[in-house]
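Sharing a structure below in C-alpha cells format, with a few things to ask.
A, B, C, D and E label the chains in the order they appear, each numbered from 1.
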Amino acid sequence: MATNTHSKNKFITRNTRVGLPPGTLIKNSDAPNTPTIITLYEFNETIFTEREILSIEDAKTALENTSTIKWLDIDGIHQPNDIAAVGKYFNIHPLTQEDIMSTDQRPKFEEYPNYTAATFRMLSYDTSIQSEQLTVLLLPNVVLTFQESNAKDAFNVIRERLRNNKGRVRKMGADYLSYVLIDAVVDTYFGILEKIGERIEFLENEVLLSQETHTMVSLHALKRELIYLRKSVWPMRELLSSMQRSDSELYHESVQLYIRDVFDHTVRLIETIESYHDLLNGLMDLYLSNLSQRTNEVVKILTIISAIFIPITFIAGVYGMNFDHMPELHSVYGYGAALLLMFSVAGGMIYYFKRKKWL
Amino acid sequence: MATNTHSKNKFITRNTRVGLPPGTLIKNSDAPNTPTIITLYEFNETIFTEREILSIEDAKTALENTSTIKWLDIDGIHQPNDIAAVGKYFNIHPLTQEDIMSTDQRPKFEEYPNYTAATFRMLSYDTSIQSEQLTVLLLPNVVLTFQESNAKDAFNVIRERLRNNKGRVRKMGADYLSYVLIDAVVDTYFGILEKIGERIEFLENEVLLSQETHTMVSLHALKRELIYLRKSVWPMRELLSSMQRSDSELYHESVQLYIRDVFDHTVRLIETIESYHDLLNGLMDLYLSNLSQRTNEVVKILTIISAIFIPITFIAGVYGMNFDHMPELHSVYGYGAALLLMFSVAGGMIYYFKRKKWL
Amino acid sequence: MATNTHSKNKFITRNTRVGLPPGTLIKNSDAPNTPTIITLYEFNETIFTEREILSIEDAKTALENTSTIKWLDIDGIHQPNDIAAVGKYFNIHPLTQEDIMSTDQRPKFEEYPNYTAATFRMLSYDTSIQSEQLTVLLLPNVVLTFQESNAKDAFNVIRERLRNNKGRVRKMGADYLSYVLIDAVVDTYFGILEKIGERIEFLENEVLLSQETHTMVSLHALKRELIYLRKSVWPMRELLSSMQRSDSELYHESVQLYIRDVFDHTVRLIETIESYHDLLNGLMDLYLSNLSQRTNEVVKILTIISAIFIPITFIAGVYGMNFDHMPELHSVYGYGAALLLMFSVAGGMIYYFKRKKWL
Amino acid sequence: MATNTHSKNKFITRNTRVGLPPGTLIKNSDAPNTPTIITLYEFNETIFTEREILSIEDAKTALENTSTIKWLDIDGIHQPNDIAAVGKYFNIHPLTQEDIMSTDQRPKFEEYPNYTAATFRMLSYDTSIQSEQLTVLLLPNVVLTFQESNAKDAFNVIRERLRNNKGRVRKMGADYLSYVLIDAVVDTYFGILEKIGERIEFLENEVLLSQETHTMVSLHALKRELIYLRKSVWPMRELLSSMQRSDSELYHESVQLYIRDVFDHTVRLIETIESYHDLLNGLMDLYLSNLSQRTNEVVKILTIISAIFIPITFIAGVYGMNFDHMPELHSVYGYGAALLLMFSVAGGMIYYFKRKKWL
Amino acid sequence: MATNTHSKNKFITRNTRVGLPPGTLIKNSDAPNTPTIITLYEFNETIFTEREILSIEDAKTALENTSTIKWLDIDGIHQPNDIAAVGKYFNIHPLTQEDIMSTDQRPKFEEYPNYTAATFRMLSYDTSIQSEQLTVLLLPNVVLTFQESNAKDAFNVIRERLRNNKGRVRKMGADYLSYVLIDAVVDTYFGILEKIGERIEFLENEVLLSQETHTMVSLHALKRELIYLRKSVWPMRELLSSMQRSDSELYHESVQLYIRDVFDHTVRLIETIESYHDLLNGLMDLYLSNLSQRTNEVVKILTIISAIFIPITFIAGVYGMNFDHMPELHSVYGYGAALLLMFSVAGGMIYYFKRKKWL
C-alpha cells in the first residue's frame, strides 16, 4: 500500500515537479510502481453490476447508458498513461489530472464546466497518523474516485450498501454517491480524534500521577499529530463550504442538505481539535509546573539537611581544634555541653523549618 | 438519568455510526435502555391540558386542532422505533432524526420547509460539568422537545407557568414557547458560570495565600471545564444568530425581539468565559511565579548558611590539623584569636547579606 | 450608593432570574432598598426648569409640550413598581424594562419602533474599578436615564451646562442630549485608564529597581482590572457602532458626527487597553526574568564559596587525621606547605571564577 | 519644541477635557505657550510665493485666487483663538477644531461636506520615539497643516521641491500636495523602523555572545517602542484606506494611485513591525533559555565539586576521630591506604561525571 | 549577483528615498553598478528567436509585430536611465518604475489601464534565505521581467520549454507566459520549505537525543528564517488573489484556472509555514523542558550526596573533638559503634531516596 509510512517526513512538502510545464503528468519518484486497477460499479434502484475493467474503453457501453449510475473506482495513481487515458475520455482538465497524481495536494473543491473535483486526504491512525490522497470527480451520472491504494480505504461499507441496496444510495443520483464517499472519509476522522482523545486522557493521568521524564516527549508527539490533523481538516471545511455554495447543476438541492450535514461534521472536528490543542497546552504547563515543584522540593531537602548539619559540624570542628589552651575541653561537662549546644542548634533549625511548613 | 457522568471522557467524540448510511437511526451502544415517555401539553390562553400519551397517534385529535398550541415533550431518545414513528408523523427529515438520536451533536439551528430544528446541550454542574443533548423542533402550532432524560431538565419552571398561566407563554404562539424553552436552558449556563467564578475566586485566594501544591492541578481542572463550556456555548451563539436571521415564517417578528435578547445572553456568556480564561491563565502565571520565588528563597537560605559556616568550618579544620610545628596552637591567645577570626568572618558574611537585603 | 463594592465578585455574573418569565420585573435580592427619585429637567434654548417629581403623572404637562426637551433622570432602579409605571407611560417593551433593572447587562444599543435604548456601565476607580449600570432611552423630545444611584454620576457637568446654557446642549435636540450623556461617561473611562497607566509606570520602576516579592501580585491585580475594563469597553464600541449605523429617525444627521467622535474615543480606549495589556505582559516576563537572574546569582555565590572552601577544608581534614605514620606532620615546613597548598587551591578557584566572569 | 519628551509617559492618555462641551477649544495645560506662526505658500506651475502672515485675513486675496494652490502651514496649535479664527474663516466643524488642538488623537481620516481632515502623528527617534500630532485639511485649492512645532517636521524636502519646482508637486493640485505631505511623514516611519532594526541586531549579538544582565531590560524597552509604534501605524493604515475609498470630489483619480502607494507603505510598515515583534519575542525566549542554561552549568559545577570532595572529606573525618581503638591508625600503611581510598573515590566521581558528559 | 547576502540585515527595511519626489528613479546606494542586459524572446507556435538587444529601440520591429509574443528579460535594474527608457517606450507609470528599482518592495499586483504589474521576491536558500526582487509586467502580447540579476533565476526551465516548444507555453498568449514565470518562482519556495523541513527534523532529533547547548540558537535561527519567509509569502497570496479577481482584459479566462492553481500553492505554502512555526515552538518548549529536567537531576545528585555524607561527616566530627571526658572514645567498641551509626544513617538516607524513586 502506498501511504506515507514515515511519520517524521510527513510535514515535508516535496515538490519534484519544479521546472515542469503545468499540467504535466509524472510519476512521483518515491511512489510504488503498482499497476492501476479500475473497478466499475453500475447500478440503479433495480440493477447492480460490479466488475474489474482493463481500460476505460471497456466501460464504454455502460458509460453511455443514461439510466444507470456509474462509479469508476480507480486504484493506483502512479501510472501517468492510465490517468491520461481516463482524463482524455472524460475531458478532464490537465491541472486536475496533475492534482490527481501529485499526492501532497491541499484539500480543495473545484468546479469545471463539465465536472466538479474534490481532492482530499484519507487518514488512518496506527502509531501515528497515516495519510493517503483521494480525488472524487463528479460528472453527469458518473463518479470517478482516484486513490493511492484501496487496501485500507473507507469505502467497503459503501460497497456493501450498494450490493445489498441498503440506505438511499441506489435510489439517488451520482451526486449523492459522491457525498456518501466524502462522508465516509470524514467519519474516519472522528475515529482518529477518538484515539487521540484517549491518548490525551492517558497522558493526563501520567502527568498527574507519575514523574516520568518521557511524558513531555509524548505530549509533544501528540501535539505534532494534532498540528498535522488540523492542517488536513481545516481545508476540508473550506472544501465542503465551497461544495455547499456551489451552483453547479451536478449537485441537486436534495443533496445539499446532506452536504450541509458533513460540513457541520468538519466544523465539529475542528472545534474538537482546537479543544485538544488547548488541553495539550494545559497539560504541558502542568507538567512543567510539576517539574518546578519537584525541583523546589529537592532543593528544600538539601537546604534542610545543610541547615541542620553544617552549623553543628562547625561546632564539632571547633572542639576538634588542637589549641593548648581551650578550657572547655578540660571541663567534665564540656562534652555534654557541646552535645547539648549541637542539639539545640539542630532543634532550632528543625523548629524554624516546621514553622515555615517545610517539614 | 442518561447524562454523561464520566467527566474524563466528555471530550472524546465517539462516532459509533461509522459506515452506516446517513439518516440511519440506531441506539447508542452505551445509552441506557429507557423507554420513551411522551407528555402532551395542549393549551391556549383559556384552556390547558397535560397528559402522558402512549403513541403519537394518541395525540391526533389534539394535533389537528388549530386553535391550540401543542407541546410534545419526548423524554428518552434511545428507542429508534419511537423516534421514527414521531418523525414519520410530522414528516421530519431523516438527518434531523439522526441528529436527535446521536447525543454528541454540535449545537446548530436548521431550517426545513415544514419545520425548524434547534439542537443544543443542557448543562448542569455537580463536581464537574454534566451535559445532555436537547432538540427543539418548531412546527406550525406544535413544539417537539427531545431529551435524553427530563429528570433534571430546566423546564419545570415553564411547566409551572403554563399550568398557572403566568407570564406571556399561554398568550403567544408556538414560536414563543420554543423561545422560552431555549431561554430556560441558556439561563442555566449562567448558574454554571457563577459556580466556576466562585471556584476561581477560591483558587485565587489559595494562590495568593497558601503554597498548596495541588493548586495548579485545580487550576488545570477548571481550565478544562472552561474549554468544555466554551465548546458548548460558542455554537449556541451561532445557533441563535441563525435563528435571528431566519426568514422562516414559523418565527413571528414579535418573537424575534426575544431571540435577540437570548442571543445577547450568549454573547455575554462567551465574554465572561473568555475573561475567566484570561483570569485563570493569570493565576497560573502567578502560581508559577510564586513557585520560582519560593525556590529562590530556599536557595537563599542554603547559600546564607553555607556562606557563613563553610569558611569558619575551614578555619576550625586548619587548627584541627596535627602538624608538630603550628606555633598558633601553643599561644595562650590562640584559641581566642581563632574564635575571633571565625566570628569576624561570619559577621562579615552576615553584614554582606544584610547589605544585599537577603536578611 | 449602590455600586458594586466587592471587587472580588465583580466578575461573577449572577442570574437570580432563572425560571422567571422573560420581561418580569423583580428587585435584585442584594440590591439596596432605596426609593426612586425622579428629577425632571425641561428646557429649550430660552427656558430651563429643574424639579423633583413624585410620579410620572406629575410630569404630564411638561411631557406634552412639544416645544421643549425633557430629561427625566431616574435615580434608583430597585423598585419594580416605579420602573413599571414609567415603562407603561412611555410604552417601553418589557424586555427593556427588565434590562433596566438587571444590573449586570452587557452594554448594548437597541432600537424599538418608538424609542432607542442604550445600556452601559459607568465606571469609577477607587482602589479598584467600581461599576454601575446606566440605561439611556431616547424618545421624541424626551431622554430617560435610569441609574443605580446618581451620587457619583458623571452628569453634574451636563447639569451645569444645562443650567448655564453653556455649549450646544440647549440649542440642540434630545438626541444631542443623549449623546452628551454617553460622551460624559466615555470620558470618565479615560480617567480610569490614566490611573491604570500611572500604576503601570509605578510598577515598571519597581520591577526595574527593586526586588519586591509583591510586585507580581500587583501586576496580576492590574491585569485583572484591565480584563474587566476590556469586558466593559469592547461592547461599548459595538454599542456606538450600532448607534452610528442606526437608521432610527430619532437621531438626526448632525448628531451622527458627534456619535462618530465618541465612537472614535472607544476605539482609542480599546487600543490603549490592548497596549497596556501588552506592556503588563512584558513587565511580567521581565519580572520573571529578573527572578531567574537573581536565583542564578544566588546559586553562583553558593557555588563560589563551596568551590573555594570545600577542597581546602578537605586538605585540612587530611592533616587532621590521626595516623601514626604521616611524615608531613613532623616536618618543620609541613604546616607552611599545607597552608600554601590551601592558598594555591583557593587562589586557583578564584582565578577560574574570575576568568568565567563570575567575580 | 512641543513634542512629548517624557517617553515614560507617552502611553498615558490624558483627558483634561472631561466635562467640557464637545467642540470646546482649550489649551492643553501642559502645552507650551508658543505663539502661532502661519506661513502661506502660494503656487502654481509658473509662480511661487512664500510668506509669513499675521492673521488669516492677511491671506484673503491669495485664497480668493482660484488659479493657484495655497498651503497654509500653521505652526503652533496651543492658542485657541488663532485656531478658532482659521476654523471660522474656512467653516471648519467644531469637532475638527477640537481634534486639531487635543494632541493625543487617534490617527483618522474624516470627510466633511466642504473639506477632508487627516489627523496623524509625526514620529522621530532620539533615544526613544518622540511623537507630535499633525492635522492636514484639504479644501478646494487649499491645504491647511496644523502642527505642534515645525522645528523638526518632515516637510523641508517638500518646501524645497516647491521652491525649486522639482517633481510633480507644482504641476498638480492641492490633493497631490496633501498626499506628498502624508507620504513624507510615512517615509520618516521607515527611518525609525530601520533604527529599531539595527538595535534588534545589536541586541541579538548581545544575547548570543555575552551574558549581560541588562539585555532583558533593553529587549523590554525595545518592545515598548514597538508597541507604541504599532499603536501609531495601525490606525494610519485605516486612515489611508479610508482616504483611498473616499468618494470626496476633492481627491482626483490620478492622485488615488499615489494614495494606494503610500497605503502599501503602511502595510509594509505593519508587516515589518509584526516581524520585529516576533523577533524580539524570540530573542527574549533565547535569553531566558541561556539564563536557564547558565544556571544549569553553575549548579553542575557545584554538584561536581561537592560530589568529589564531600565523600573524601568524610573519610578524612573518620580518621580524624579520637577513638582509642582504631587499628588502621597504627598501621604503617594506614595513611597511604586512606589517601588511596580518597583518590579512588574522587577518581570514581570524576569518571562518573565524564561519562555523563558533565566534564 | 545582486542578492542580499547579509542575512542579518535582511529584516531591516532601508529607505534611502526619504525626501525624494514620488516616482523618482535613483540607484540604490549599496546596489552594484552592473550594466543592464536586455534579452528579447520572440515566439509563437511556429517561430522562436532569442537575442540580446542593446536598447529598447532595437526591438521595435519585433514589438510592432502583433502575431508574436515578446518576452523582454531585463537583467539589472540599477541603471535609472535604462529603466526610464523602457518605461517611456511602454508608457509605464512613474510609480511602477520606482517600484522596479526599489529592491525592498512588498509583493503586490497592480492594474494600470495599459498593463498589469506584479512585484515579488525570488528566494534561494544557501545557509540562510537569499532574496532578490522581480517585477513582471504584462502588456498586450508583451511580457517584461525586471530582475536584479538573472544569474540564479528560476527561469531557465521556461527558456528551455520555449526553445524546445515543450508544454503549452508557445501555444498560448503573453498572459500564460506571465503565469508560468510566477509559477516557476512559487515552485522554488517549495524547495526552500523542504530544506527548512529537513532542518527542523534534524533539530528535532537533536532536541530529543542530545543535550547540545547550541540547539536553542539553531531553533531561533530557523524561526527567524520562517518569519522572513512568512513575510514574503503572505503578500504573495494577496498578489495572486488580486490577479485572480482582476478584471483586466489582459488575462484571459483560460489562464484564470492556472492562476487559481498557483494561488492554491501559496495557500499551501502558508499553511506549511504556520505548521512549521507551531512545530518550532513545540521544539523550543521541549528543549526548555529538557533543560529544566536536567537541572532537576543535577540538583538531585547534589542533594543525595549531601544528604548521605553531611550527617555522617558530622558524626565523625563529633568523635574528632578533643574533650577530655568523652567516655565513648575509650570504649573498645566505640569505633565500631560509630562506624555502624554512620552506615545506618547513610543507609537510611539511601533507603529514603530509593522510596522517593530518586535512585
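By our rule, a contact is a pair of C-beta atoms (placed from the backbone, for glycine too) under 8 Å apart; a residue touches a chain by one contact, two chains touch by 3 or more.
Model, not experiment: these values are computed from the prediction.
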Fewest touching-chain hops separating chain B from chain E: 2
Angle of rotation relating chain A to chain D [CA atoms, steps of 5 degrees]: 145
Distance from the mean Cα position of chain E to that of chain A, given in whole angstrom: 26
Chain B and chain D, separation of their C-alpha mean positions in angstrom: 42
Residues of chain A whose C-beta touches two or more other chains: 292, 295, 299, 302, 306, 310, 313, 317, 320-322, 326
Touch-based graph of the chains, sorted into line, ring, star, complete or other: ring
Successive chains along the ring, chain A then chain E then the rest: A, E, D, C, B
Residues on chain A engaged by chain B in the complex (per definition of touch): 156-157, 161, 166-169, 180, 183-184, 187-188, 190-191, 193-194, 197-198, 200-201, 204, 208, 257-258, 260-261, 264, 267-268, 271-272, 275-276, 278-279, 282-283, 285-286, 289-290, 292-293, 295-296, 299-300, 302-303, 306-307, 310-311, 313-314, 317-318, 320-326, 357-358
Contact footprint of chain E on chain A as seen in their complex: 8-9, 11-15, 17-24, 93, 95, 105-106, 108, 110, 211, 213, 216-217, 220, 223-224, 227-228, 231, 234-235, 284, 287-288, 291-292, 294-295, 298-299, 301-302, 305-306, 309-310, 312-313, 316-317, 319-322, 326, 328-332, 334-335, 338-339, 342
